[in-house]
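Both of the next two complexes hold chain A, though its partner changes from chain B to chain C.
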Partner chain A sequence: MFKGILKEQTIQVGIGFVFIVVLLGTFILPEWMSNNFMYGLSRGLAVLGLMILWRTNLVSFGHALYYGFGAYAVAMAQKYLGVTDVFLRVIIAIAAAGLLGFVLGFILRRYREIFFAMLSLAFSMVLYGLLAKAEFLGSTDGMSISPSTMFGFELGRFGLFYFIGFVVILSLIFAHAYLRSSLGHLTTAIMDNEIRVEYLGYSVEKAIHIKYVISACLAGGAGGLMAAALGQVDPDSMVLWSVSGELVFVTIMAGLGNILAPFVGAIFFEFIRTYAYEFAPQAWQMIIGGTLLAIIFFLPGGLWSLFQKINPFKKEKK
Partner chain B sequence: MQFLITVLLDGLIYASYLFIVSLGLTITFGVMKILNVAHGGFFAWGAYLASISIIYLGDNEYNSFLYYFAIFLSAIIVGLFFGYIIERFILRKMYNEDIHLIVLATFGLFWILEDLILHVFGVDPLMPYYPAMELGGIEVGGIFQGVYSLTLAGLAIIVAFICWYFLKKTKYGKVLQSVIFDREVSVSMGINVTKVYLITFIIGGMLGALGGAYIAPTISVSPGFAIDVVVMSFAVVVIGGMGSVPGALIGSLIVGLVRAFAVHQAPILELFIIYAIMAIVLIIKPEGLFAPPKPRKI
Partner chain C sequence: MATTEILKTTNLQKSFSGIIAAEDINISVKEGEIIGIIGANGAGKTVFVNMITGYLKPTSGSIEFNGKNITGIKPREATHIGVCRSFQVSQVFMSMTVKQNLMIAMSLSKKSGSALLDPIDDDILSKQCDKILKQYNIMKQKDLVVSTLSQGMRKLLDIAMAVVGNPKILLLDEPTSGVSVEEKFGIMDIVISALKESGTTVLFVEHDMEIVERYVDRVMAFYQGQIICDAPPKQALKDKKVIQYVLG
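Moving on, here comes the complex of A and B:
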């Protein structure tokens, strides 16, 4: 599955990109700017998960479920088990979200289009309803996360940034390996015609289920990293339906063309938000909404289609 | 007994208000197949416009009938203005697009409408309590209840009746039903579907704005208060069946009563239980409890 993957151009460009972002963020840029890079890289994982789903034309309007679940798993692990190790944190976040995705996947894999979107929304709001009202989970104030450690030493902001870069690279490799495998290629086929895929001898529901779990794991990992980066988890900024909407928005803004696009899009989104909030605190939602409409109308391929036009590594047609 | 009456009253009032808002949403979905997130924007705009008019009227001690006039006028203005702009210049260009893109576009519009409010009405909460204060309260079975809130139930019944009459008894209602049934066949029969869509969207927006405008005197109208209403009316519409008018009625009754019960009995479950019902309905009967039977097409 992973054979020769490091020789693939997408992965090479991706690793280069992550390196540049991490170096820029840790050595050159001021802190507020590098924060945007860090949050962008983390949230990009969740967007990557959505993008993988979207390739089968399944759009989850409740992906904040896994994002928030991963984040809260980190918070819970710290509260009850005292886990602060960054490796364990990410693994716990991914495993928790993956498990939840696996269970809910049995139901969701039968749904398509607007029903899929609505059921995901309902599930995410169920979690939101619990988190926002439960005192022992911090209700709307959420819970704070202590600084991450690695092998017993405090990691610091730079260390965390490197670690996020590392997780992103691993996810890029994994996502690429998945998408180029025959299971991954099924996704587009399913979008075109499910019945034909069934006749070819593949189980559509199984393929969607696997895809859904992968997507949930990625979103959970994003939530875990964000929890560590922000030092805080709360339902309104992690589980509410508008967070899911934001993630879907970033997906469409980034474009579905390449696994690197979600990260570019997520970083871009963080910058729009920071700048809009800085210069027009009462109009930042309007700016984001306007950007969204502009992208839908004028740039249907997303930001990635801009890169493709000026791509210096353009692939030669075989 | 006391407890039961409280829950029933609270539930019915909340259900009436939810019904008015989600009726707009379900009509838009039924006819245009658009899940309109911007509905929350209509709701908020209706509430704000009604609030400032009521506060103006109340401060200058005008006749109290004008309050109700202001409420309905705000709903109509908001529906016409934003409904026309949004349908004519944005949604109309998107009908052939992927359904998810349309939802996203309305989500962007929701953001824009929310921020426009900050610019037009400012960030301070408004409290247009005059109409509610003027009507006072009465005792129902030993429980003190504001009369204004009770009129909400009356309004919901009137709206439901008008809607039923319009859909079942008038020519326009039949035209609407044929468009719901099959858009292309309707076009070929000489129905101006573009116009039907525009009018439907405007009416849906008006209903959303009416819900906001009528509830405004009983709450404090502040920025961002529409965000819960959007997803709550989504739950209502999904539970009842997307596009079904009786579904919206039953859905809002279920949500209203269950929520009232949870608020009084187990506040921790207030939100959880509503969305759990939504999820269960989707799992058991994805089309919703009262979805109209799907026409068989060849």
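Moving on, here comes the complex of A and C:
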């Protein structure tokens, strides 16, 4: 699966991109700007998950379900098991979201288009309702997350940033290995023609289920990292429909052209939101909406299409 | 010609909300035979093909393949046991290139389990793929996106994708429909010679009687969901019922 993957251009560029972002965030930029990079990298994982689904023409309006589930899994592991180790936190977040995705996948794999989108949203709102009512999980106030540790030592902000970069690189490698495989190529094949895929002897529902679980794991991992970075989880900032909307927003803005696009898009989104809120606190959503409109009209392939026009890697789509 | 029975249907019937689309279909196909299925539009030819290949579940009756009951199996299960098909309207991956289409078909038929997670760009598969592209005369178009191809080329690709899994029986639904007159015989020459070479049993639905006469061992004529004639082509095309209800 991973044979020769480090020689692939996409992965080499991806590793370089993450190194630059982490170096900028830890040594050069001020903290407020550095946070945008850190949150962007984390959220980019969830957007990568959405992108993998989107390439099969499946748009989830409720991916905050897994994002929030991963974040709350970290909070619960801390509360009930005392887990603060950053490796364990991410593994727990990914496993919890993956398990939930596996179970719900049996239902969702049978639906397409708007039904898939709205059913995803419905599931996320069920989780939101449960979390908002669950007093043992902090209800609408949520729960605070203590600083992450690694091998018993407190990680600190820089350490967490490096760790997020490491997780992003691993995720890029995994996503690229998946997308270049026979199973990954079914992503586009299913979008083009489900009947033919079935007659080639492979179950479309199974392929979608696998894709859905991968997507859920990525979103869960993103939630776990965001919980560790923010030090707080609550239903409104982790599971509410608007969080799912933001993930869809960033996916459209980033484009589906490359596995790096979600991270570029997510970082861009963090900056746009920060500046919009700074300069127009009463109308920041209008600026974000205007940005999306401009991208749809002038860059229909998303921000990544701009890179494809100006950079030498435009031929590769993985 | 081999004499082993490969496909048998008994009292096969399909109805949609009380409307009968196929009724009392009893056939026996021997290994290596090439059979032409003819009939006017709505005669039940495609319904028959759809039932054999698992696209439609029969209302009653049974289908046996190599002595095993396969009635109501799923399309992918049909493919696994060696019952493959092409379509009236080519079912290919339009946004991909010809070679990508064939590589996906190849890898799904040759790999299983964790091997499906290996990179699709495999040298051995690629060489096998090139061999089929040459055999079906679509090598020159291998890097073209399918949506830019002619109907004839798409039909060839559709059939090539169906044969990569080495089917024991192949059902072709109107392989020359929508194909220009100039392309028709060329396509059938390529397809039939390739299938004869591999010993594949073929059932194909066809409206062009010249093609039926030229390529098949036996003709099955459908009318109102029933088989009204099952005979060698010279005899079938002179049959009174066939002339009245099919050839018109």
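Everything that follows uses one rule, which is that the second predicted complex is superposed on the first by the 311 of 318 C-alpha atoms of A that agree within 3 Å, B and C clash if a C-alpha of one lies under 4 Å from a C-alpha of the other, contacts with A are read in each partner's own complex, and residues count from 1 in each chain.
One rule holds in what follows: a contact is a pair of C-beta atoms (placed from the backbone, for glycine too) under 8 Å apart; a residue touches a chain by one contact, two chains touch by 3 or more.
As the structure is a computational prediction, the values presented were derived from the model and not from experiment.
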*Combined model on chain A: chain C and chain B, fit or clash*: fit
_A:F61 in the overlay: touching chain B, chain C, both, or neither? Say first, second, both or neither._
first
*asked:* For A:A122 in the superposed arrangement: first (chain B), second (chain C), both or neither?
replied: first
*Is A:I20 touching the first partner chain B, the second partner chain C, both, or neither of them?*
neither
*In the overlay, work out which of chain B or chain C sits against more residues of chain A.*
B
*asked:* Which partner chains sit in contact with A:S182 here, chain B, chain C, both or neither? Use first/second/both/neither.
replied: second
*Who does A:K3 touch here: chain B (first), chain C (second), both, or neither?*
second
*Please indicate which partner A:R196 is in contact with in the superposed arrangement: first for chain B, second for chain C, both, or neither.*
second
*Touch check for A:Q285: first (chain B), second (chain C), both, or neither?*
first
*Working from the superposed arrangement, determine the closest approach of chain B to chain C, counting only CA atoms, in whole Å.*
13
_Taking the stated contact definition, name every residue in chain A that is touched by chain B in one complex and by chain C in the other, in rising order._
none
*Flag every residue of chain B that touches chain A in the complex, lowest number first.*
35, 37, 90, 93-94, 97-101, 103-105, 107-112, 114-116, 118-119, 123, 227, 230-231, 234-235, 238, 242, 267-276, 278-279, 282-283, 286
*Flag every residue of chain A that touches chain B in the complex, lowest number first.*
57, 59, 61, 107, 111, 113-115, 117-119, 121-123, 125-126, 128-130, 132-135, 240-242, 245, 248-249, 252, 282-286, 288-293, 296-297
_If we count contacts the way the header does, which residues on chain A are in touch with chain C in the complex?_
1, 3-4, 177-178, 180-186, 188-189, 191-193, 195-203
_Of chain C, residues touching chain A in the complex_ = 53, 74-76, 78-80, 84-85, 87, 91-96, 100, 103-105, 107-109, 111, 114-121, 161-162, 165
